[in-house]
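Same chain, two partners: chain A is paired with chain B first, then with chain C.
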Partner chain A sequence: MLKEKLQSFFKIDRRWIFLVLAVVLFVPIMKPIGLPNKTISPTTQRVFEFIEKQPPGAFILFSLDYDPSTRPELHPMATALVKHAFKKNLRVGVVTYIAGSTGLIEEIFEKVPKEFNKTDGVDYVIFPYMPNILAAMTQMASDIYGIYTKDRNNKEIQSMPVMDGIRNYKNMSGVVCITGTAILDYWVAYVGDKYTVPVAGGVTAISQPGYGPYLQTGQLKGLIGGMKGAAEYESLIKQPGKGTSGIDALNLGHLLVLLLILTSNIILLIIKYL
Partner chain B sequence: MFFGILTLFSYYVPHKMSVDYIETMNKWEQIVAAFAFLLGLLSLFLSHYHKITRKVDGWGYSIFVFIGFLAMIVPAFYSQGKQTTELGLTALGWSYRHIYTALAGTMFAVLAFYIVSTAYRSFRIKSTQAFVLFVAAFILILGKVPLGQIIWDSVLGWTGATVSEVIEWIMSVPAVAGKRGIMIGISIGAIVTSLKIIFGIEKQYLGKD
Partner chain C sequence: MSETWMIAGAWLASGLTIFIFSFLYKDNPFFKIAEHLYLGAGMGWLFQVSLFGVWGPKIWEPLTKGDWVVIIPSLLGLSLLTQFVPKLSWISRYGFTFMMGYGAGLAIPAGLATDFLHQIGGTIKPLSLMASMSPFDIFNSLLVACGLITVLFYFFFSVEHKGHFKKVSNIGIYFLMIYFGAAFGNTVMARFSLLYGRFDDLYTFSAGKYLYATQAILIGMIIYFAVRGFMAKDKEQEAAH
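Moving on, here comes the complex of A and B:
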């Protein structure tokens, strides 16, 4: 009798689980719990220190390669990194190899430069989308103007003050790639290793463990992982944003997953020994 | 074979001639990529056009391929590819933000519901390996959020190890060991396949056995 009752738990309509998850995610978004993020991952700290130690006027190339599907995790970290670069008065160049990310880049540069009084073409430049990533990466090693002649608004880039003295990777202080794809691997293999350019990254939480080998060998200067990483970076630059507010929903979502796995396995154990 | 070997050697030769050669090849690659994109688009349209005309199962979904394409391409031409101007969002910017972003976000968000449902229904600890996997996943999931860190500190604080330290060990020892093995295996496979293609041994990519 009890066995049958317990077995019925596995036949539960999955829409009930969907409903519980929806409530668990929706409530903290509407009414944040505001739990403090007590620790900073060493890899996030390393990205922060990498940007922090750059002298004013240094050129950092951002490769923002994510689309709306990974936006909740990656957009807050890209925003925080751009804010940090502007705070340090660094020159910012933005490239992308994902067509779907162009609008998200626009979103960042619609607001952030105004906060720091930065001007398009003087303090930052946004290059247009390029379809062939490896061709663009290798071309930028010798002459960036061989592949990028105009910015995303069709303005000549060579005469822009932001590009003063910039011809190839040797003139750049580093590359930061934020992506939910394998593009960070390309930056490490085809640019970081070959031309000894410091490369740092930001990736989704699910792909974070895969970058351990690069971090151990120093091929990656640092790595921001998932929404927690974004929240950590926001707390490092002391500008809480979407990463910090999103972590509340993640808190309860993660715990629900653990609770469900534990419950189903405990029920299974009881059924087995009944 | 000639171009394959030349491109391979150019990677290791930092001479002006080799740099010039790579630059020329890069330009050609961009041109070929543009044509490949066009070909892909035509192929996609033809495939869905045939589905609609032959009324195969689910042909109604194919109509949305054309609707989605038009919803983005028409504003893109109208806005001359620009998403914002001094006046604000262009038609393309509006389509991107209110159609593409919403649809792509929804598609990915739906996954979360299936993952949670599957975790309940299918994650069974039936062997030692499954138990090890569960323990590692449990610690990683717990340590990824502040609430999990608080729970760890109050329940397992007596161990003297914080959840962040345990995660750091998992990520830098067993996870790296596994990943490194996979990476070495994939790389050796990629090198062998590339050499077979360069020397004409592997022809399947050309549609030949």
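Moving on, here comes the complex of A and C:
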């Protein structure tokens, strides 16, 4: 009798699980619980230190290559990294090889520069979307003006103060690529290794484990992984944002999954040995 | 952006999100509308990117400035389209040949250096520096080396995996399983993050300044499913009579 009752647990309509998951993820958005995010992974710490140790005025090239499909994970980390760069008074250049990211880049640069009193063309420059990523990366090794002559607003870049002394990778302090695609691999292979340019990255949680070998060998200076990584970076720069607020939902979601796995395994064991 | 457009955007975004999620309950025409719209909008987006992001700045603008060299890559690109005309499809080989040569020339040296030589070096190098390493780093280096060798052995099929060889390849399986477990755990986390992102937007659009878009559409969907459920029940009863 008990066995049959327990077996009925496995016939539960999965739509109930969807509903519970929706509630679990939605409630913290309406009423934040404030679960702490106390662990900082070493790879995120390495990205932070990489930016932190740059002297004021150093030029960092951001390759922001993500579109709305990975926005919840990557947008908070890109925002946090740009904030950190501005806080350290670094010069920021932004390239993109995903057409869908142009709107998201504008979203960041509409708000963040104002917070730090930074000016377009003086403290940062946003290059237009460029197709054929490998051609652009290779060209930038010799002369950036061979591929980018104007910024996204059609203004000449060579005369901009932000580009003062910048001609190729040798004049840059590093590259930070935020992407949900294989573009970070390209930066490592075609720029980092080839021209000994420090490359750091931020990727979706799905791609994160695949970059372990590059971190081990030092080919990647550091890596921010998923929304958890974004929350870690926000806490490192002491500016909580969307990544931090997402941690409540993620923690509760993970607890639900653990609970479901544990419950079903315990029920299975009871059924087996009853 | 004007307020009207902001409100319209909020209704569109929350509507399409709820329509797509409604499939989790049951297939319905609203889901189909959102699905087809997504495909159409995606194709439209790609077309305009090609037109304004590639064709315009890379071909049209240089040509208008008298840079005729761009005709060569353009012709090579156009040659790929001859695939659709069987009698002329041989022309596409020129385009493909160029792409193959260019791609291989870039990818092979970079791939060998980055994913092969650097990785071998990264595995061996720490073993030669053990005297200056902490016990944890020594353990870590040995673990990486052990993982590399056993996993490579698992994929080496020229020796029959039995006896000691089987034990080595079995250790490789454990390393692979740990990787798959970590990858799957991260995948779950990533999916939750994406879901959180959509819910966060839905919550934003539920505000009064967006005319309660989320609530209105959600209630509309619930009413639709309720009416459809009642109608289906009536039909069943009629059929039974």
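Basically, the second predicted complex is superposed on the first by the 274 of 274 C-alpha atoms of A that agree within 3 Å, B and C clash if a C-alpha of one lies under 4 Å from a C-alpha of the other, contacts with A are read in each partner's own complex, and residues count from 1 in each chain.
What we mean here is this: a residue touches a chain if its C-beta (ideal position, glycine included) is under 8 Å from a C-beta of that chain, and two chains touch if they have at least 3 such contacts.
Because the structure is a prediction, the values reported are computed rather than measured.
Per the contact definition in the header, classify A:Phe26: touching chain B only (first), chain C only (second), both, or neither.
second
Looking at the overlay, what does A:Leu250 touch: chain B (first), chain C (second), both, or neither?
A:Leu250 sits against chain B and chain C alike.
May I ask you to decide whether A:Ile206 touches chain B, chain C, both, or neither, giving the answer as first, second, both or neither?
In the superposed model, A:Ile206 contacts chain C only, not chain B.
With both complexes overlaid on chain A, does A:Ser264 touch chain B (first), chain C (second), both or neither?
In the superposition, A:Ser264 touches chain B alone.
Quick one: is A:Pro198 in contact with chain B, with chain C, with both, or with neither? Answer first, second, both or neither.
Touch status of A:Pro198: no partner.
By the touch definition at the top of the document, which applies to A:Phe18: first (chain B), second (chain C), both, or neither?
both
Regarding the shared-chain residue A:Ser41, is it in contact with chain B (first), chain C (second), both, or neither?
first
Using the superposition on chain A described above, determine whether A:Gly241 touches chain B (first), chain C (second), both, or neither.
neither
Check the contacts made with chain A and report whether chain B or chain C touches more of its residues.
B
Does the superposition put A:Gly93 against chain B (first), chain C (second), both, or neither?
neither
Show which residues of chain A both chain B and chain C reach, each in its own complex.
On chain A, the overlap between the chain B and chain C contacts is residues 18, 21-22, 25, 69-72, 100, 131, 134, 138, 194, 205, 208-210, 213, 216, 226, 228, 250, 253-254, 257.
Which residues, counting only chain C, touch chain A once they are in their complex?
Spelled out, the residues of chain C in touch with chain A are 24-25, 45, 49, 53-54, 57-58, 106, 110-111, 113-115, 118-119, 121-122, 144, 179, 182-183, 186-190, 192-200, 203.
Mind pulling up the chain A residues that touch chain B in the complex?
By the definition above, chain A touches chain B via 10, 14, 17-18, 21-22, 25, 33, 35-39, 41-42, 67-72, 100, 102-104, 106-107, 110, 130-132, 134-136, 138-139, 142-143, 146-147, 152-153, 194, 205, 208-210, 212-213, 215-216, 226, 228, 247, 250-258, 260-261, 263-265, 268.
Would you tell me which residues of chain A are touching chain C in their complex?
The touching residues are 15, 18, 21-22, 25-26, 29-30, 69-73, 99-100, 128-129, 131, 134, 138, 188-190, 193-194, 204-206, 208-210, 213, 216-219, 225-228, 242, 245-246, 249-250, 253-254, 257.
Show which residues of chain B lie in contact with chain A when the two form their complex.
Listed in rising order, the residues of chain B that touch chain A are 11, 19, 22-23, 25-27, 29-30, 33-34, 37, 82-84, 93, 96-97, 100-102, 104-105, 107-108, 112-113, 115-117, 119-121, 123-125, 134, 138, 141-142, 144-150, 162, 164, 168, 171-172, 175-176, 179-180, 183.
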